[in-house]
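Chain naming follows the written order as A, B, C and D, and within any one chain the residues start at number 1.
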Amino acid sequence: MIEDISIRYLDSFQDKNLNNPILIEGLPGIGQVGKLVAEYMIHMLPAEKIGEIHSIYFPPQVILDETGIARLPRNELYIFKTEERHIVFLVGDFQSTSNEGHYILSDAYLDIAAELGVKRIYTLGGFGVGHLVNEPRVLGAVNREELRTELEGAGVIFEREEPGGGIIGAAGLLLGLGRMRDIDAVCLMGETSGYIVDPMSAANVLAILAKLINVTVDPTQLNARAAEMEKVVEGLIEGEKLQHDDELSYIG
Amino acid sequence: MIEDISIRYLDSFQDKNLNNPILIEGLPGIGQVGKLVAEYMIHMLPAEKIGEIHSIYFPPQVILDETGIARLPRNELYIFKTEERHIVFLVGDFQSTSNEGHYILSDAYLDIAAELGVKRIYTLGGFGVGHLVNEPRVLGAVNREELRTELEGAGVIFEREEPGGGIIGAAGLLLGLGRMRDIDAVCLMGETSGYIVDPMSAANVLAILAKLINVTVDPTQLNARAAEMEKVVEGLIEGEKLQHDDELSYIG
Amino acid sequence: MIEDISIRYLDSFQDKNLNNPILIEGLPGIGQVGKLVAEYMIHMLPAEKIGEIHSIYFPPQVILDETGIARLPRNELYIFKTEERHIVFLVGDFQSTSNEGHYILSDAYLDIAAELGVKRIYTLGGFGVGHLVNEPRVLGAVNREELRTELEGAGVIFEREEPGGGIIGAAGLLLGLGRMRDIDAVCLMGETSGYIVDPMSAANVLAILAKLINVTVDPTQLNARAAEMEKVVEGLIEGEKLQHDDELSYIG
Amino acid sequence: MIEDISIRYLDSFQDKNLNNPILIEGLPGIGQVGKLVAEYMIHMLPAEKIGEIHSIYFPPQVILDETGIARLPRNELYIFKTEERHIVFLVGDFQSTSNEGHYILSDAYLDIAAELGVKRIYTLGGFGVGHLVNEPRVLGAVNREELRTELEGAGVIFEREEPGGGIIGAAGLLLGLGRMRDIDAVCLMGETSGYIVDPMSAANVLAILAKLINVTVDPTQLNARAAEMEKVVEGLIEGEKLQHDDELSYIG
């Protein structure tokens, strides 16, 4: 019988006695903000892959790589060691397709965190505002009051009951379920329209996260991607304006 | 492995030998009538919190409080002691997201009722009629014939097979499943349009419930909220009339 | 923990040694044809109630009777004894709300059939054709080839691979799952538009079923209801014709 | 209690010591391409039936054969012996109705493959391109890099990350889950519009598959069916053109 969730560590990952470890979650979500940040960090540091997670709660399909090799949808674990701590990353293709699956998967992620002795979880996401944002802020949430000050010091904004709809999926449940298990967890959300993949928002989240955990990640490539996207969006807005002017000139 | 449903009593709640206890359920539903009544009572009496319920059948998200602290969706238990009895309240953020979950959660609520020795359950809800109601009545349902007279004496109306669509969710299932377990349960439903949160309907349910269980709850704040809402609704109706008159004057 | 399905026999039903028993299933479905037939037979014979089935696969609600008493959605078992055999009826409020639930419930019905020593199952249903039918036929399906001749002798029609979409729900699964467990089962389907509750179609199914199992059921009341419905439908058709003529006269 | 999945081998299938066996999966999917190929091969070789699979994850209904005999939805296993190997076929009525069911069923198929000692799995499917295709190619995917060369040698095309949406259902999961269990699996996908049952695409897949596994299957009947379908489609296109010309002539 297939397991609901299977977690496999790579053979190369033998020593699970980590130094002051933290977990950074960047799974797919609004504007792909969390995914962009976590995968960019993994790429730039670079972090080393240590494990894979498969689940019947992921979509029932395979994904093809550039050479036609099929693999199951999966989440992945990576690790990077700084002077101060081990950083574990949780990234992947999908979140759960069912409501109950979200809870069961997030609980499994916390099992991993507990097994690795994780002291703090950072979940990353987007905060959809429904319109383009010029200077996207980074909003925060915590699962213990004492964690807020540190985040505010790094420039994270806490708005009264924002986002009002709550934080959906792993980025939220890791805080909620973590609180039940006495694991500290904070969420950083980049403001984003919610309509596009948003490297601009991701760059802001990265800047604050890097400060918080004291790692240096060269933002050049992400900023470049953000600049490109900004041009695309400006083009779209310009196009809309032109069209709007045209319509007005018809009337006038 | 995460539990489907977890029930935790607070450490402060040690003595479970309650005096002649009843349970009042006011979870979210039509017009939020039941939720308004139960939460208002908890606030005004005030009742003391004794426990929390979490479940994978609730939506997979966290909710943020005014200070940015995230918590899982939950239902809560409160208690208040009168001369005659202990009153246990069941309130919360959500009901189940799945059909089966509704049954499983309601059964867990009955486990709580059984554990606490509850003699009678009052479920509170709205009865959606699809149009604004000037003087909303309070309709009733019971899970044992003998319970009806007492309710009728307090002004509860029993209409032939109303609501025709049945009573959905915990407000209904606590009666149906309670009957299977020989726990008396009655449902009070305030008539409501179904379109708005309805403190007017809630005030009527509160008045009857307070009489039935012989507690005094100052209705001033709820009535004030009802009066406010009444103004809003009257404004909407007035606005519609004006618009309608305008349209007629265009034609005329 | 609540059971997925609970089956309770009434205390009055002690002797489960039945004489040559058959099971007639008439749960809700297309045109309510099966439900009409089975409930009419229970009413007219009359059959005696022997048991109830509750399930978390039924809708999560309660149903109110004419006096405001709430009960869970349920299926019911009734029994009637003829000279030749015991007839067990399976009727009820709902079928499953989920795909998997349909299988699990139908398997539980077969457990009942096995426990009671049922020799043959008759499932009743409607066969939706998408238009009004003047003289609705009764179509048949069997789960063993040898069963067909007897049905054809009673006037049941077997059309090549009709209904093409298969037979959905308990009326079908009792045949399919019954075949796996070597329990003979046949399905009688009254042709019906699928748009209305159809006592005309039910009357035809009743006539054939009564012949097949050699019971006398006075069809007067069902025929009367069919006649009423026929008038309603004729009125609708007439109304459509008039409207159509009006439209033509506009053109002409 | 009913099993989620039941696998039954026919009594005639006693000797499970197969010679160098492979498994060909052709379940329903896009353009029914895989189903057409596998069922055509079973018909033409002909292969012998050895087993049946039933599951609560299939739709809750029965299917009627031409004589009115009802049976559960099922998948079937067939076998054919060549000089070089045993070929096991997996075909059937449906795939899973739920996401989780797809994983659980595909895992059960791999249990069968493991039990029978299968060395290689070929899954067959359609690759929907959203428009009519004149000369449909056969695209491939593999679950181990070393498998690609052999397929390319037989004319299978590997396009960078195509299909971009992944391969959904058993045709994909057998590769992904097979990789976890070290069972080699490849997927052959015939390009198809996705709008029609596509024997043209199936004929191309058949030609390549027959070459790969070195069996001779007379394609005459499938080609005839493809030719018929081609006429139908040409008729449709011609009709659209005529209509288009008509519209132009109105304008002109």
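As a convention for this text, a residue touches a chain if its C-beta (ideal position, glycine included) is under 8 Å from a C-beta of that chain, and two chains touch if they have at least 3 such contacts.
Remember, predicted model here, so these are calculated numbers, not experimental data.
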Where the centre means the average of the CA atoms, what chain is farthest from subunit B?
D
At the place where copies subunit A and subunit B touch, is the share of residue numbers found on both sides over half (same) or under half (different)?
different
Chain centre separation (subunit B, subunit D; CA means) in Å:
53
Approximately how many whole Å separate the CA-defined centres of subunit B and subunit C?
38
For subunit B, give me the residues that contact two or more of the other chains.
none
Check the chains against each other and report every pair that touches.
A-B, A-D, B-C, C-D
Okay, in this complex, where on subunit D does subunit C touch?
1-2, 6, 54, 56-57, 59-73, 97-98
Looking at the complex, which residues from subunit D come into contact with subunit A?
96, 99-100, 102-104, 106-107, 140-145, 148, 158-163, 165-169, 172-173, 175-177, 179-180, 187
